[in-house]
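Going in written order, the chains are labelled A, B and C, and every chain counts its residues from 1.
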Amino acid sequence: MSASFERGMAAFREVMDSPIASFFSSCVHCGLCAEACLFYTETGDPKYTPIHKLDPLKRVWQQEYTLLGRLGALVGLSKPVTEKELEQWSELVYDSCTLCGRCSMVCPVGNDIAYMVRKMREGMSAAGVAPEGMIGATQRAVTLGSPMGVKLPALQAQIRAQEAETGLSIPMDVQGADYMVLLSSMEVMNFPEYIGALGKIFRQAGVSWTLSSKAFEATNSGIQIGASDIAAELVQRIVDAAEGLGVKTVISPECGHAFTAIRWEGPNLIGRPYRFEVKHILEVLEELRQAGRLRTQGCDERPLTFHDPCQIARRGGVIEQPRNLLKSVASDFREMEEHGAMNWCCGGGGGVSANDRAEELRLVAFKRKKGQVEALGVDTLVTACANCRIILEEGLEHYNMDVEVVGLTELVAEHLIEDDK
Amino acid sequence: MSEPDKSLFDLLAQRGVSRRGFLKFCATTASMLGLPPSMSSAVAEALTQAARRPSVIWLSFQECTGCTESLTRAYSPTIESLIFDAISLDYHHTLQAASGDAAEEARAQAMKANYGSYLLLVDGSIPLGEGGAYSTIAGHTNLSMLKEVAEGAAAVVSIGTCAAFGGLPMANPNPTGAVSVKDIVQDKPVMNVPGCPPIPNVIVGVVAHFLTFGALPELDALGRPKVFYGDTIHDRCYRRPFYDRGLFAKTFDDEGARNGWCLYELGCKGPTTYNACATLKWNGGTSFPIQSGHGCLGCSEPKFWDGGGFYTALSTPIQPVTGAAVTAALAGAAVGAAVAFGNQSTKGKAKAAHTKVTIDDLEKA
Amino acid sequence: MSAMDLLLWSRGPGLAIAVSIFAFGVVLRLFEIYSLGRKADLAKPRVNTKACAGATVWRRMLPDMHILRRSPITYVAGYLFHFGLFVVVFLYAPHIKLIESTLGLSWPALPSALVDLVAVLTLISLVVVLVNRITDPVKRLLSGFEDYLTWAVTLLPVLTGYMAYHHLMFPYQTMLALHILSVELLLVIFPFTKLMHAITLFISRWYNGDIAARKGVQS
């Protein structure tokens, strides 16, 4: 038994709480969660049944936290969890779960399975069985400040390019600004136009905002790999920067899990409430639109649909805002059959996109999204998460589909009424 | 008692029963016993030869004489009682004229004369407590008398629930240590004719069967003749349709009671009671308890006196469970608190052992 | 031991023992669950979660239509046997009488012929559920001894009740005793198996609804 394994088992014991105990007590093994999971529906392999992914955690609970389980373990009726099992479960817990939480929505007895997978990852990562790709991303996030290794100079270069393109200046480290904007490295590297779009929108709306040179990265590999200590460190950087600048609101970027990290997990990770608010960019844009500060003209006439990023919609509560925004700038918005809180994941969330060994499985799982898009006959897919965007683009390309993926903020920015001030 | 020099038919005629009436009785008895009509003549023949039949000895132990009353004190003199008058009932405390040593002498004589072939009828249970001192006859304990008489009997019939299952004397706390006939007599065929009392037709019917065929009728697992104890009161009850429709009397004087609805909720034990009351009825087919508005007590079943209150529904617990449940819940809370303490200590230890996870810890060590 | 002895035992000491183990177990299990505690959530919730969590407790009685389409047998047979158990347990006159005698609550019963029909449907759906559990790869993977045990222990009371009502196999007293004993077996294993979901699902649905509602989602 390795020291890592001991540490992992201790983490399992540590994360166990009343919700988990009630969830495991309630499970009747009906298997309906499988039908909600794209890794099962697209492969038909029963091992991807969500609740099955938690089997080692369930056994630790049974053997350590129930009287009958303890007695059973004493007389050798149950077999203890082994290191080898955790290694086997690594694929199930990391590769085949995006923490999308769809299973949590359909479980008849109300088990929040995604909540448990998140907790289980604490033990898995401590036991050293997390996938190499995610370990690497986490190490880069801590040492370099970004899982993709994007450092400040790279951001500055992108900012300069955007400033040149838009003719605006992008504020950096402005003390006392209302809003502090966070970015994800994927946006910085792959979709820098998001920065320009924000600049245009905020200028029209007259918003005082800033970026922080100390903390611009919103993504948090710590919560994906399931290492709260590391996640807390990453959140702390943002909190320090935001409270240092004295901003009123921190804006989470078009990135799903970043929102979960900073909005929902953050205060719990650092152990105190923030002295600022956290909003998702879509929430901010919709507020501005409703206040009449975001005015657009013209409509995109292409048939398009919206892909809800799981962490923003189902696990984040931002569901109506993107629809209102889209309807204001698109005339042929078509809704996927299952959308909003019941959307299907792109297959790359929860750290799967950083996990190289999961790529093949992820592309199989993408068939679910492919089917949804094909059913609508749209040629444009709008979303609000840079990670979803990359995964969607890769999937569409893999399946030779001619569909363009667009960020919602950029789409809104394209339709801004210009020079009306 | 019997008059060996006269035939049964003569006796009946003497008491105003016509040959036609007797044959009708025989046909009824045959059909009651589930025999084909052609067998009624066999029954008649067997009965008319009563005078030459083996004798019958009736022993009464811890009983109330209700069984004898049932047989003899019907609302009018019945053929049943006459039959008993007619057969060679050689010993019966209550009915025989002889007493004291003469009575015991008659028993000894009958046993001697018919050893191995007489029929033994018993009512009442047998006390075993205090060496059997609770009930003795002519200085003999019931136990010793039963053993002695049973030894020479061809078969034994336990008349009434006390003899068949111990009945009231055996009811909790059973102060006399009462047992049933079957508990004592194990090497002879024993038939149980339970009931408190049994239906008189049934007593006669089974005796008639023995006399006709020289053997006991087919018995169920409790030693009762299936022909009379094959169905429950509930299954044959004329109020059954109300049960099936969910119409129940809730009190003895409510609308439901007046409408003749099912008495299940008032404690009727019809569903668990095997007897012929609902079909043969009592007092010459006049009525039976349920028909007169009272639930069945289940008197022909073992332990009917201990089976919960007569007025509590069959599906209810026969002892209160709330107290035990509350105690158990408290015990659950106590053990639960201990487990909770253990859980918190397990979790606490895990928490205490937690050292900050760094990026180096992610790789397996 | 005669059938009557068995019946009296099942209606007396047997029931008291079973109910005691049930009460002991349920309380113990609730202590086990709640003793693990739950950290207060420091993130500012979008809404007051109580109403949403309560709504989740009820909403999960209804299926998600897409999942229903994907797994109709699970839902249809599952609903049928749960509904059937409800009718058979709570709307059959003798059972109501039992509840009245212990809890003092009473309500009108259904005609026994109707309850009889529902019992048959319940038995059929339970068989379907079992066949589905054995043949469906997902359910087979998830299933262990406990799943088959709880299935059998759920089936037995319905089966023995049906058999007692129709006087099948054994005399009524024996069958009634077996029926009551089978219910007592159910009570005994209830707290220590997944049967406990009948109680804990209210807790887990509440937590689920609470977690989602904090984020502004009605789950």
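We adopt the following convention: a residue touches a chain if its C-beta (ideal position, glycine included) is under 8 Å from a C-beta of that chain, and two chains touch if they have at least 3 such contacts.
No experiment lies behind these values; they were computed from the predicted model shown.
Under the stated contact rule, the graph of chain-to-chain touches is complete, every pair of chains being in contact.
Relative to the centroid of all protein Cα atoms, the closest per-chain Cα centroid is that of C. Compared on C-beta pairs in contact, A-C and A-B come out with A-C as the pair having more. Taking the CA centroid of chain B as reference, the farthest chain centroid is that of A. Computed from the mean C-alpha positions, the centre of chain B lies at a distance of 39 Å from the centre of chain C. Here the spacing of chain A and chain C, counted between their Cα centres, is 37 Å.
Between the CA-based centres of chain A and chain B the separation comes to 76 Å, rounded to the whole angstrom. Counting partner chains per residue, chain B shows two or more touched chains at residues 335, 339, 343, 347. Looking at chain C, one finds that residues 28-29, 32, 34-37 touch two or more other chains. Among the residues of chain A, those in touch with two or more other chains are 16, 65-67.
By the touch criterion given at the top, residues 16-23, 25-32, 34-36, 40-41, 44, 46-47, 49, 51-52, 65-68, 104-112, 115, 263-268, 271-273, 277, 313-319, 337-338, 341-342 of chain A touch chain C in their complex. Residues 220-222, 232, 234-235, 243-246, 248, 264-265, 271-272, 274, 301-303, 306-308, 312-319, 321-322, 324-329, 331-333, 335-337, 339-341, 343-344, 347 of chain B are the ones touching chain C in the complex.
Against chain A, the residues of chain C that register as touching in their complex are 28-29, 32-39, 41-44, 46, 56-57, 60, 63-64, 66-67, 70-71, 74, 78, 136-143, 147, 192, 194, 196-197, 200-201, 203-209, 211-212, 214-219. Every residue of chain C that touches chain B in the complex is listed here, in rising order: 2-5, 7-8, 11-13, 15-17, 19-32, 34-37, 93-95, 97-98, 100-102, 108-113, 167, 171-173, 176. By the touch rule above, chain A contacts chain B in their complex via residues 2-4, 7, 10-14, 16, 64-67, 70, 125-130, 135, 138-139, 142-143, 225, 227-230.
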